[in-house]
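Naming follows writing order (A, B, C and D), and every chain is counted from residue 1.
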């Protein structure tokens, strides 16, 4: 299953990229599991570690950790919003 | 004691005048007593009768019935306000 | 906060930037907001309200209305309301403009603009001013309807709106 | 309610007059209020809010800020917030304009305009939209300060402001 991941704001800067395509490994089928999977990549991905505040959206809707992922989904990670 | 009385809006129309000077009779020394005094003038002054909704101001401040009157005061009577 | 006085040299209360205007002319809320903001870079929030003439009221068509007021007391009453709002919330600027005379449906009647650092205070003070203006400022509306002229009756809901600020 | 679409042929949701715009350009709240009012003579109340860039924040000077957003989701999130407000209050028109890109102190950031028959609904819906925009719309501010660039942290008070609508 292939998804597209977007990173915004301070998170985009800390991970050093704004988007990537990812082939999901077997079993990585929710936002929460994807987050843990990314956290395991190493120090540069520390913002994904347990306890760090992070928001996610799937297909441009705010998505809690248990949101299921599907083929071709656009998954975005970002810090809490600060507009307005 | 001489005061000036102003009438506004529907009250102005029903009493048929917008202002008058009045020499207050002995004992007429509050807004409430003035109102009763005016009500006694006759049918044209029915809007001043007990139970009719009426607001008063003394020297351009909202004034309850027990407000004392003094020489040269500007006393206004009017219906509840409807601006805004 | 003081700077804005140079842009809007209007009636001020307590040496602050409180301004109240009672006029026949129309007003431009966008221009007032811009003038207030330009004067004070600590402002982050501007809440405003515009009341307009509706083409119907209490089940009848309204082709026009005439607003009568009590010159002198009107300004004094509006200033007192704004002063109360300033005592209660941390606001930089507050402006009230209320028109009188003959107005037609769609015309603007009243504008309240409140500027603060944050939005909570701006919204609360703006709504407070409108609620008390509706019960304390000496204006009276006379409507032109197909059934003839009629004075608008005070609304009980307006008294309730003003009352609720006393319990919070 | 439908008439105003002729004056402002913008992105509409549910066939209504809801409009959302995300843009770099500035906006004119007075012009938007006039356009909305002209379109519907049943409107009696227009509440609006303008957020502006403050010259200081969290104890530090701010010479400019850049607003990043998530194109596509931003519009969708704002439309969802406005739709919720329309479900909850009887409003005729609601307009949200939010800017992105680089802004300086005093510049306008966001505008919310809500038109209704009476002021209570207009005020409530306008504040509701701002409160949820602050927690749900994907915008992020990066400030230029004497100490360098910094991303603005989300405020706990903004979460509380949005939470309170869930209990009333």
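In this section, a contact is a pair of C-beta atoms (placed from the backbone, for glycine too) under 8 Å apart; a residue touches a chain by one contact, two chains touch by 3 or more.
In UniProt terms the chains read A, B = Molybdopterin synthase sulfur carrier subunit.
Small disclaimer: the values here were computed from a predicted structure and weren't measured.
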| item | value |
| --- | --- |
| Shortest chain-hopping distance from chain A out to chain D | 1 |
| Separation of chain B from chain D, taking each centre as the mean of its C-alpha atoms, in whole Å | 48 |
| Centroid spacing, where centroids are CA-atom means, of chain A and chain B in whole angstrom | 72 |
| Interchain centroid distance [CA atoms averaged], chain B/chain C, Å | 27 |
| For chain C, residues contacting two or more additional chains | 51, 130 |
| Shared interface positions of chain A, touching two or more other chains | none |
| Every chain pair in contact, whichever chains are involved | A-D, B-C, C-D |
| Chain A residues within the chain D interface of the complex | 6, 8-10, 57, 60-62, 76, 78-84 |
| For the chain D and chain C complex, residues of the former touching the latter | 28-31, 33, 37-38, 41-56, 105-106, 108, 117, 119-120, 122-123, 126-127, 130, 157, 161 |
| Complex contact set, residues of chain C against chain B | 51, 67-70, 72-73, 76-77, 98, 109-110, 130, 133-142, 151-155 |
